[in-house]
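Note that chain A is present in both complexes that follow, paired respectively with chain B and with chain C.
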Partner chain A sequence: MEIKGSAMAGTLESSDASIVVAPNADKGIVIDLISSVEKQFGEDIRRTVKQVLKELDVEDAIVKIQDRGALDCVIRARLQTAVLRAANGKSFDWEGQRHV
Partner chain B sequence: MDYLGLTEYILTREDQKLRGAVGAFLQKQGLRLEEGVDYTYALVDGKELVATGSLEKNVIKCVAVRQDYQNMGLTNKVISQLVYAAHKGGKEHLFIYTKPGNLQIFTDLGFYKIMALADKVVLLENKRDGIRDFVRQIKQKACFEGRASAVVVNCNPFTLGHQYLIEQAAEESEFLYVLVVSEDKSVFPADVRLKLVQEGTDHLKNILVQETGSYLISSATFPSYFLKEESVAVSSHAALDLEIFANYFAPILNISRRYVGEEPYCSLTNVYNEKMKVILPSYGIVVREIPRREAVQQAISASWVRGLLKENRLEEVKALVPETTYRFLMTEEGRHIIDKLKGLRPML
Partner chain C sequence: MFKLRRTMMYVPGNNPSMVKDAHIFGADTVMFDLEDSVALNEKDAARLLVYNALKRLDYEGTEIAVRINGLDTPYGREDLEAIVRVRPHIIRLPKAETSKDVRDIEAIIEEIEAKEGIPVGSIQLMAAVESARGVLNAREIAAASKRLVGIAIGAEDFVTDMQTTRSLDGMELLAARSQVLLAARNAGIYALDTVFSDVNNEEGFINEVKHIKQLGFDGKSVINPRQIDVVHRIYTPTPQEIHRSERILKASEEAARKGSGVVSLDGKMVDKPIIERAQRVLSLATAAGTYELEGGEAIAY
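Presenting the complex of A and B:
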């Protein structure tokens, strides 16, 4: 999926994450993570983000995450939503996306 | 905070009754609902307001949570909503204007401190190194390494007075940064003002004309400037703006002198200039005040020009502005602005 504009999903409330996905003019994936549990789970969150982007065929994007201790499934959901919005997508293949 | 059973309200400008309630609530917290606010979010428990926050363009302000509802995550909910609303309106680069006591709350939410004035105000933005990157970009365009000077101007519109000030400053300096206010709250739009400064200073070779972005004399750094009303806030807003100049613009651009035109008319600008003479020298920056250029024994000012335009006295305007500005006034776009001044078209 091609990131066409900047889009946001999620909130700053506890146990959630606020994620902004924007185009990256320099190509590649840039992850800017701020997390209240950075020390404990920073790497796990980054891994999840990379995986979701790969599943959605996103090659170039800037992903800004403000994590407030969200569970893995929440981060996945918020990121998928943000990517879909940023790609101006109308439909999403919810079933087919986890064929890893 | 669904478990608290709070009701959400989003206030528009027209919603006078609720605005009154928000205003009264903020007053109890030592704040006030500012004029320019264009989006307000409120959380109500039963009939009582317990938390609120507002948005003025890209600035989050007037955020307050009632004492007995603090530490329940309501600030996060308010900020989330405001960030989301701003984002939907295409504004991603956001600022927060708040009391220094709230600094920690907002840095936890992903905002970065730009500048704090002890026990008065603190300004934050949601971009890491946003201001440094902005000033560094200006530096790159200048390709100049030595000691420079700066002048910050609004030019609404660009007059012979501004031209004279810039010429004087350029003559006395090795290199001059001309920073034109970007905030779009003047009759002449920001892009027009910038263009007229560029055209009217094209003959000067040792200057660089750039925009101030959100970082100088903007609704983020100097909210009361655009209200043009005198309040106690003016002096602390002015101080915040000047501290930002002294701590970011001056060191990165190697500015050792700031030029300013003498201000015989506007008392608010006068407060700013006086403050400048106190703050900047403490950072080793010299403030040079240039007397206004006069025409028919009266100091030229943009407000004078606007007054003449309003009365359609174009011949007199011709004597007060550079040819480039006059030529613009004769274009369709220029006519349109003159009509706005005359009140024939609604002001933006």
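Presenting the complex of A and C:
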């Protein structure tokens, strides 16, 4: 999936994360993370971000995350939303997912 | 034991802190909302949030419902594509107007279930009627699908459609509530009442809960955890009711043993409907955990 513009999802409320996804002219994935739980969960969050981008077939993007203690499933949801919005409103591939 | 649905708590589908803790307040059913509590430009975000939450979080056995957007909106179909795949217990469709609205949703659910290898029929449905037309068609709506476990009335849209407003005594809703109840009982499904929006008016809330319980509703939608205990308290049989019901059942058993058709208790005739009511009181108390049913079957749908 190609990131065509800059888009945001989520909020700065507790248990949420605000995520901005933008094109990366230099190619590759850049993750910029600000989190109150960075020391403890920073690596987990980065791993989740990389995994979600891989699932969505995103190879080049800048991802800025302001985390407010969001659960893994919330990070996933907000990142998926931001990516789809940044890809000009592409729809999610529900059928291609592994479900419960 | 039969399923209590005294409270169905609305949880805005785009609020992570509420979505993750929704089950801890003790509502009988938690309902994640993708419809009216979500802004139009956040529909995609709420859908993905509820989808990921249901996929990953453990709600410890609490019954989970998701209210989707209607199929007449640009969001309804996509909501189903997402939500059916993470298998909530119930999908609730808003603003049902005709039985066709239920059947259309059912057809899509069935298609997705089949595609994903989910046992067809495993996801249940609930319909809300929120307009004059929906209320008039409640009978057909309630009987439209085997998946339907309940029908609810949504009062805010309904009173607007009726060109009136809500009052504390609920006079303007009496005909509609009665119609929904008749439809539910005719179809053998649950009847759920609408929300009471003024969270700070506890007295008004208590009166409304007593009123709808007396009408015959199985429960009520709530919008705040503070409302849960109030409803549960009113819906849980009192020790006196339990005691009286036990005596009624005992008297009827004795009469049956003696081969006597007529039962009398404290000088009053006890007949079949009274016995059934007594059984239901004990079933409710058992489900609420305040009574241990010995032998016999719980009366339920």
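One rule holds for everything that comes next: the second predicted complex is superposed on the first by the 94 of 100 C-alpha atoms of A that agree within 3 Å, B and C clash if a C-alpha of one lies under 4 Å from a C-alpha of the other, contacts with A are read in each partner's own complex, and residues count from 1 in each chain.
The rule is short, and it goes like this: a contact is a pair of C-beta atoms (placed from the backbone, for glycine too) under 8 Å apart; a residue touches a chain by one contact, two chains touch by 3 or more.
If you're wondering where the values come from, they're calculated on a predicted model, not measured in any experiment.
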Simultaneous placement of chain C and chain B on chain A, clash or fit: fit
First (chain B), second (chain C), both or neither touched by A:14: both
Which of chain B and chain C A:36 touches, first, second, both or neither: first
Broader residue contact with chain A after superposition on the shared chain, chain B or chain C: C
Touching partner for A:6 - first (chain B), second (chain C), both, neither: first
From chain A, separation angle of chain B and chain C (C-alpha centres, steps of 10 degrees): 110
Which of chain B and chain C A:66 touches, first, second, both or neither: first
Lowest inter-chain C-alpha distance for chain C and chain B in the superposed arrangement, angstrom: 7
Residues of chain A contacting chain B in one complex and chain C in the other: 13-14
Residue ranges of chain B touching chain A (in the complex, touch as defined): 73, 76-77, 79-81, 83-84, 87, 92, 108-110, 128
Residue ranges of chain C touching chain A (in the complex, touch as defined): 15-17, 20, 44-45, 48-49, 51-57, 78, 81-82, 85-87, 115-116
For the chain A and chain C complex, residues of the former touching the latter: 9-10, 13-16, 70-74, 76-78, 80-81, 84-85, 91-92, 94-95, 97, 99-100
Complex interface listing, chain A residues touching chain B: 6-8, 11-14, 18, 20, 22, 32, 34, 36, 66, 68
